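In what comes next, chain A is part of two complexes: it sits with chain B in the first one and with chain C in the second one.
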Partner chain A sequence: MLVLQAILDGILLGGVYSTLALGLSIAYGVMHIINWSTGQTLVAGLYIAYILVTKHNMDPYVTILFTFTILGAFGFLMQKTMINRIIERSGYRAGPNVLLFTAGYGYVVTSILEMIFGTLSVSATTRYTGKSLAIGPLYAPVPKLISCIIAVVATAIVYFFMHKSELGRAIRATSQDRNTTRLMGINSKLMYCIGFAISFALLGLTASLLVPYYPITPYIGTSFSFKALIIVVIGGVGNVKGAIYGGMFIGLVEKILGSLVSDSFAQVMVFCLFIIVLLVKPEGLMSKRTSKA
Partner chain B sequence: MLKLNNLHVNYGSFEALNGVSLEVNKGEIVVLLGSNGAGKTTTINTISGLLKPKKGSIIFNGQDITSMPAYKRARLGLVQVPEGRKLFPEMSVYENLLVGSYVKVARTKRKENLELCFEIFPKMYERRNQLTGSLSGGERQMCAVCRALMQCPVLLMLDEPSLGLAPIIVYSVFESIQRINKMGVTVLLVEQNVHESLRIADRGYVIETGQNVISGTASELRGNEELQRAYLGI
Partner chain C sequence: MKTLKKFIPMAILIVVGLFVPTVLKSQFYMQSAIYVVIYMYWASSWNILGGYTGLFALGNGVYIGVGAYVTAVLFVYCGITPWIGMIIAGLVAGLLSVLIGYPVFKLKGMYYSLASIALMSVFELIFNNEMEIFGVYTGGPNGLRFPVTGRALDMQLSSKTSYYYLVLALLVIVLLFSDYIQNSKTGFYFRSIRANQDAAASLGVNVLKYKLTAHFISAFFTAVGGAVYVTTFLYVNAKQVFGMDLSFSMVLFCILGGANTLWGPVIGALLMVPIQQALRVAAGVELAALSSLIYGLALCLVMLFMPDGLLGAIKKLIAKRKTATVAPLAAAVTDAGQGGAEDE
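And then the complex of A and B:
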């Protein structure tokens, strides 16, 4: 029974992990740059959602409209005004330079949040807090259940957007060969901006999904950045399906090992898994491709 | 239709083009010949806007496009089939063609252009759902030409379409280029295969170390002793 409950908890956590990982994965897949501020951006989103919930009495799931739009717009502008510029000027050093830039930006975000909100942990009490749904002998906390469902739906929408829409196809083409898409009349810089906007918007969405049950401090960002990176590496870079499989997988490993052994053991194993995957199957566990074309 | 005036292009301090001029008139097939490293790909990429010239100008249909971004040039119908095909490897043939017709003008003609592609290259219809990474060299070249056709080209530039292909396939690729030209598309062909390309071309230019050395009609070039010595090994 303990294991079954752990599996349920793992799935509920995994759903939210998948939108978090998508936030990193799309930017990584499209621009081949790692956004090391993924977690910090998420935390900024968490505080936005927290204010909307506590000060404006908004339903946490309605805050998605705001976090998604605000962070999406911010991501677009950041790519347009700064990252495109860095990519342009850095030549072959673009990857590491953008990584360093986002890492630095992440620290700025953390410091600003610390200045505004202080160092203490806060949590939003919502009308979902503390409610549980009994599924046979198992219990699913209501906010986690709703969040997981929204996350899975959002992931499916992103999948269809990337694979079936004109814009999504153009973004994927840009990720595979930037110069050639320019020859097709596609504005590759704009595709980068849209890719980064989607990344940030998904982090905003994830923040709204976490706000009903996750305690917030300015410092939780780094662990989310790592978690996102691990999921992306395990699921395969720039791969929407990989993000959901990887997210579920990590969610399950954490919860099952956490309930059988201990939470810290589960964390150790997750990191070990990450290292093993990088050594043995660097294109990702879920990736069918064995070599990069 | 296209006019290059004294183009100079540098890679860092290396001068790749050192004054290339050429002209392509409406309806022609013009071939740009030269050995490896002569500056052919640099020329075509500068026309497409992937490289910026240090000096000189590019006029397309009476408009100075020297400083226009690459994606805007493509929207004018200045279309390139790049060297090495450069298909999107993680997409099917069909998806590659859809990306080719991404821009508005091309999207409205998508259906008829798809039919045209599949008529010229029936193989592409058979392979439409296959990932382009799994195609043979000849099929990849066909797919790249189709993707360019989806863009509604006014001037079609092909960078070494014969590269790495068996002679019989080179022949059929060149036949289809000729056919596309007869439909009203002007062609600028960049080639090392002197024999095949002069067979279909109206005029040609030869460049060496980033400079024009010879130019003339296809028959003049075929009779040019210097060119024969250098490229045909006669």
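And then the complex of A and C:
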């Protein structure tokens, strides 16, 4: 029964992990850069959602509209004004330079949040807090259940957007070969901006999904950044399905090993799995065999 | 004449370095000076790997930790003095780096950086959560204390000033070594790998061998620094040595000053560490965030405006001055061709 409950918990956690990883995966997949501030951006979103919920009595799931738009617009501007510039000027060092830039931006976000909100942990009490649904002998906390469902729906929407819409196709084309798509008349810089905006917007969405049940401090970002990176690498970069499978997989590993052995053991195992995947199949477990230069 | 000119900055460093303790009277300032010099040292060690060879390792803190723990365990349980312990620690870290490097070098670009960070996190998690490692008590979150003997033979020096001279000596050694490497055949192999790994391989450079060499050298120096670092505190714990901040700091200082140059890492650390220290004091507890805000802003601004670091930016300015008077076209060409040929 313990194991079954752990599996359920793992799936509920994995759903939210998927949208988190999707945010990173799209940015990495499209521009081949790593956004090291994934977690910090998420935390900024969490505080926005927290304020909306506590000060304006908003339903946590309505805050998605705000976090999604605010962070999305911010991501667009950041890419347009800064990251595009770095990519252009850095040449072969674009990857490391953008990583360091976003790491610096992450420090800035964390310290600003610390100055505004202090170091203590806060959590939003919503109408969903503390309620849970009994499924046979198992318990599913209501906020986690709703968040997981929304996460899965959102991931599906992103999948269809990326694969069926004209814009999504253009973004994917840019990720495959930037120069050729430019010859086809696609504005690759704009695609970068849109890709980064989607990535930030998804982090905003994830923040709203976490706010009903996750205690917030300015420092939780780093662990989320790591989670996202691990999931993306395990699932396959720039691969929407990969983010879902990777998210579910890591969620399950954490919860099952956590309940059977210990949480710290689960964390070590997650990192070990990550290194093994990196060494054996760096293109990700879910990706098709493609030869990449 | 040229060799003489080269030694002028080194001479300035040594002379200024030796006179610093006569100006800084208090213990606090001496501790800050130790931080400045040890960060210069770590940034220079990273430069051999990240600058010259272009392997963007982000988890080099792991070698600080390994160096620190090996020295501590050898001293606490076997009574081996840290003077010998730090060399053993360096060799252990070097060996570890080769063992790690061998599979990891199959990975290219960002994957290599990711693997190096992941590895450091594994070490941090293990050392922080397990009380014993391979049956040796390392204290987990409580850390490990060095027994106090107060003997110089056990690297327990009487004052901060002595420790300062010790790290200064280490810095001079790593700089002399970097300079030697830079102008040696090995150094040219390193740079060929950075410029274009495949082309280097096709010209007969044993890429794997030289990558591992760079890894070993960098890990060795980093670990020796870690050994001395914890000996100044007579205490080691996982958060202190395996932290992400330490690893990121050495990369930041190196790139800020100018990666792939001898003096870049020194300049980077000289600029940033005093600012951090001063902010930590001036801002107090309630504004502790200010120091990390400045740190983050510096990182962002450098990446935006000086991707080659301070020295790189200065060099480019000089080059532009020279060419602009001759022909504007030439300047455009050097700008466009800065990709691989900007060094030296």
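We adopt the following convention: the second predicted complex is superposed on the first by the 291 of 293 C-alpha atoms of A that agree within 3 Å, B and C clash if a C-alpha of one lies under 4 Å from a C-alpha of the other, contacts with A are read in each partner's own complex, and residues count from 1 in each chain.
We adopt the following convention: contacts are C-beta pairs under 8 Å (C-beta built on N, C-alpha and C of every residue); 3 or more make two chains touch, one makes a residue touch a chain.
Note that the structure is a prediction, hence the values are computed from the model and not measured.
Look at A:Leu77: by the touch rule set out above, it reaches neither chain B nor chain C. In the superposed model, A:Ile7 makes contact with neither chain B nor chain C.
Contact with neither chain B nor chain C is seen for A:Val142 once the two complexes are overlaid on the shared chain. When the two structures are aligned on the shared chain, A:Leu285 is found in touch with neither chain B nor chain C. Residue contacts after overlaying the shared chain place A:Arg182 against chain B, while chain C stays out of touching range.
When the two complexes are overlaid, the chain among chain B and chain C that reaches more residues of chain A is C. Of the two partner chains placed by superposition, only chain B is touched by A:Ala173; chain C is not.
In the superposed model, A:Val268 makes contact with chain C only, not with chain B. The residues of chain B lying in touch with chain A in their complex are 48-50, 69-72, 74-75, 79-80, 82, 86, 88-91, 95, 98-100, 102-103, 106-107, 133, 147, 151. By the touch criterion stated above, chain A contacts chain B in their complex at residues 166, 169-170, 172-173, 176-177, 179-188, 289, 293.
Remark: chain C residues 56, 58, 103-104, 106-107, 109-111, 113-115, 118-119, 121-122, 125-126, 129, 244, 248, 251-252, 255, 287-290, 292-293, 295-300, 303-304, 307, 338-340 touch chain A in the complex. Taken in their complex, chain A has these residues touching chain C: 32, 34, 82, 85-86, 89-93, 95-101, 103-112, 114-115, 222, 226, 229-230, 233, 264, 267-268, 271-272, 274-275, 278-279, 282.
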